[in-house]
């Protein structure tokens, strides 16, 4: 469904991504991992339309979409969350999700209906009327996912949704991603929390210094000596708190 | 010849604009607050010079250090009493506050010193500087040199002293500066003191040529805003060079085109620059 | 300073708090008391108040109508009570204040407003309510072309002033053989400046002069270098200038610094005749020629001028000037009409104003008198032309009123 | 009673009060003061769509106010077109102008945007000042003699102006309310809170900011027409000045930015302060009124930066927060 072809992004002289290529199939979960500064978030921003790539192409169902602005990408069915949460603080939880739902349901009553449905799906419905700023960090992250889901995407980009969560919360998040996948929505997940991503990913893409160094099923990746040397060796043994 | 004379006249007045703007940009850079009452610091500087001259026959040039100190005190005190409370307020409330201060200062000046126009007559700064067929008023030349010296001193202070470095660090990143043990409150007060002092010095330098009245700040504040945005919010060097640019564009543009539109020319230049380079000429993106 | 202020504040508060007694005749007076023109507004206010106090008082030494009568004899000795309002230079505020004075303070008439734009809106309000409006100090021509029935203007308007200036130039040519050819116009691009510049250009062309440069500049700027350079390049004989105080001062200093010296500088009143102008300019202000409506040296011809000025100076420490003398005269003319009306009914006052016929010797102005035409314009107004000589404004035109000969051309800046 | 219900009750009471006020209070001065309040409130509400909901702080809104005043006045003077039509023509011209101005300016953010709008305002004022067709510095005057409904000029009675001003305010509030109840309102608030997040949800920043400035400017222009009809004199100094632009934002800030009723409350407060300080101290000629006015503004801004409604919100926290889209406080 999504194919990334030799994606390169330079800032000034520095290449944040170089020749990054991978594919995402319908309803697949792809784990995007790599050490800090490997260029994961840059890939994300290119996919979501925030950075136009310096070269390379991104295709959505075969159509070239590289360089389209985020609002167009959203309309084409690509939704995202942010590494540092960006919820609408002056709004209630429901209103936050309504903004997402309005992409396809402009009328307020319809948007409310869609938003409530999304909130029920992610289990935030009991907090619908609360100001979003009163949510816990885990809830805020969940709110971002809900908001993105309300856009009815085909592809969901999740940026470190599990970072900073407790063990229990990570489990809930894992469950949520599985249920999202069950709806036929593909997910690209950037994650540091390996125990969160390894069990659910269909495939893993490993970045180092802007390049893809490995691409395959989680089991194979975990045993790939290149990856272990670059990354897993240190990180997998020290999962997040 | 007339054109060269005009260009140089533009540079002279531009340097004074620059000094006013340096103070404004200093405050902005450190605190992210646009000070609408900045022209009133200039007005206070002018009145300080005037009263020194009227009461004790002290020439504005000699009382300049005192004026600077006095305005430093005013700026720092204003920070302690008022601005401190709006540091984290939304931008609109900050605008609102400094706008209120502007009206308040003008009202106070009229209350205490009457709306009459004052001037300093018979300062040591009278006469002309003439060379190679060009001529300028001595006060303008001294004002321009004083502006260069003061702007330079501020620049040096920020670059080469520990206190200046601390101020720059606070401007760059408040949290990081706090971790380094820098007292942000002190730095903010310092920025306001320095900013007010710069405007006060500009006022003192202008006091021998410019009429002094409660609303005199209004003439300069728009230029100061333009320079701060043109040079890049928070960039002292940017404000300085923008000052010269704007002075020349204003005077030469008025001369070659129509003086009625000299402000339009300056503002259009400003809009064009920020449209092409939203961060200003020397601002950080 | 602060005690007199406190006293005046107290007086103002008491005045506002106590309703006028049945005897009092309340007159609303609107001037710019805050903002850029506040200093002029204060002079106007002081002059109007002085006139009212003289009318209410019993000191008869001043031979002017109503003065010393202990009030208005036509209304059984009713006293004049002035209620001042501040229009801040804002036409909307002027209109609101006029309305407040009319409906709240129940004023019998309104005097004001100095700024032509404010006079326009404030007099509209008066017109709507049918309350007489006496305009003492706005000279925009259009004000008396609106077909208003309640609007009366004592001062001559700009057209007359501009005509005067050219008559003066013709007179110079006739009497002294001084030939002026090239005229430059420098004016602030406000209602006041552009209006004057337009008239000056028109009359210059009609009278066969060459307008070599016409510069409209934005007022209250930080520098006038470009304007002066343009003037310098145009090499005019005479510069006609319309500027308010801060620009008048700034332009004079710039002339001197840049070595610009026309044959003569003919100023259009305003900043050049402000009390602060000479105080600030010192010797550099000498030899400026300006149109005026009043000058202290006219006291030589008309002693009452000197006596009125002494009273004003005793109170406020400065001499009358064109503005304050007009405010004073406006109040006298208004009081005289109300007295004749014998009533505070607006129609009566309106009728009395229409019938006003004051003679030259009843005024402290060099006018032929006060008599309004069908538009409410005083047809007997006249301008004079003054020149600063030895730090004083002396009348140099018309010859009949002139006390001194004009100094022409401008002497060099140095060695004055 | 919930806060929302209390708010509705207060709003209804205020409406009734405003509707009967000139019938009960016959003093023209008081009537005039209330008309000023209504007019300023209308401008604040109009400004609020862009400055409050969308968070784009414009300090050049006098341009749009002036456009409305000049367009309707020109149409009336040149073609004898009634200001009732001119008002909407002015709104249209103003909205178009706003898009032209807004499109480049929206590249700028925060302070840069605010400063750019000041610059645009000053440029427009200077250009109109030299534009003969528009009367230059003298401005344009409407004749006092043509009175009546068709001309929208009324003599002594303040009632017509009062009800036109009230009607215009209600219309503006109505548009505002519709905006908050539609996706546009949600999108504007989203843009203000987190522009990047809004984009990721399919919101085009430029398009919705342009919607906001077009609406906001069109409504401000209608206020300009009313001003011209009431004062009968428009000149660059009084209809295009930056201080007028600042005043529009001041009332919104005083009452509560980004709220429906905030600018109305702010207008009542600001007009009261202005009039009281001028009436109390203006006649002295010592600038006392400016001291009082300036001091009050500073005190309010420092101690209640979220405006009157912010204070109400703190003082009376919502009991059961309903999902009703009650816009948040000033941020």
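Remarks
Order as written gives the chain letters A, B, C and D; numbering starts at 1 within each chain.
Please note the rule applied: a contact is a pair of C-beta atoms (placed from the backbone, for glycine too) under 8 Å apart; a residue touches a chain by one contact, two chains touch by 3 or more.
Since the model is a prediction, treat every value here as computed from it, not as a measurement.
Common partners of subunit A and subunit D, by the touch rule above, are absent.
No other pair of chains shares as many C-beta contacts as B-D. Averaging the CA coordinates per chain and comparing them to the mean over all protein CA atoms picks out D as nearest. Centres computed as Cα averages put subunit B at a distance of 36 Å from subunit C.
Look at where the CA atoms of subunit B average out and do the same for subunit D: the two points lie 32 Å apart. Measuring from the averaged C-alpha position of subunit A to that of subunit C gives a distance of 75 Å.
Measuring from the averaged C-alpha position of subunit A to that of subunit B gives a distance of 49 Å. In subunit C, the residues that reach two or more other chains under the touch definition are 34, 38, 41-42, 189, 216, 218. The residues of subunit B that reach two or more other chains are 107, 110, 114-115, 214, 258, 260, 263, listed in rising order. Contact between chains, using the touch rule, shows up for A-D, B-C, B-D, C-D. Within the complex formed with subunit B, the residues of subunit C that make contact are 34-36, 38-39, 41-42, 189, 215-218, 220-223, 225-227, 229-230, 232-233, 245-246, 249-250, 253-254, 256-259, 274, 276, 279-280, 282. Interface of subunit D with subunit C (complex): residues 27-29, 32-33, 36, 126, 129-130, 136-139, 141, 143-145, 155-156, 227, 231-233, 235, 237-238, 278-279, 281-290.
Against subunit A, the residues of subunit D that register as touching in their complex are 181-183, 186-187, 189-190, 192-194, 196-205, 258, 320-323, 325, 327-329, 331. Touching subunit D in their complex are the following residues of subunit B: 28, 32, 34, 82, 85-86, 89-97, 99-111, 114-115, 214, 222, 225-226, 228-229, 233, 258, 260-261, 263-264, 267-268, 270-271, 274-275, 278. Per the touch definition, subunit D reaches subunit B in the complex via residues 51, 57, 59, 104, 107-112, 114-116, 118-120, 122-123, 126-127, 129-130, 246, 249-250, 252-254, 257, 285-298, 300-303, 305-306, 330-331.
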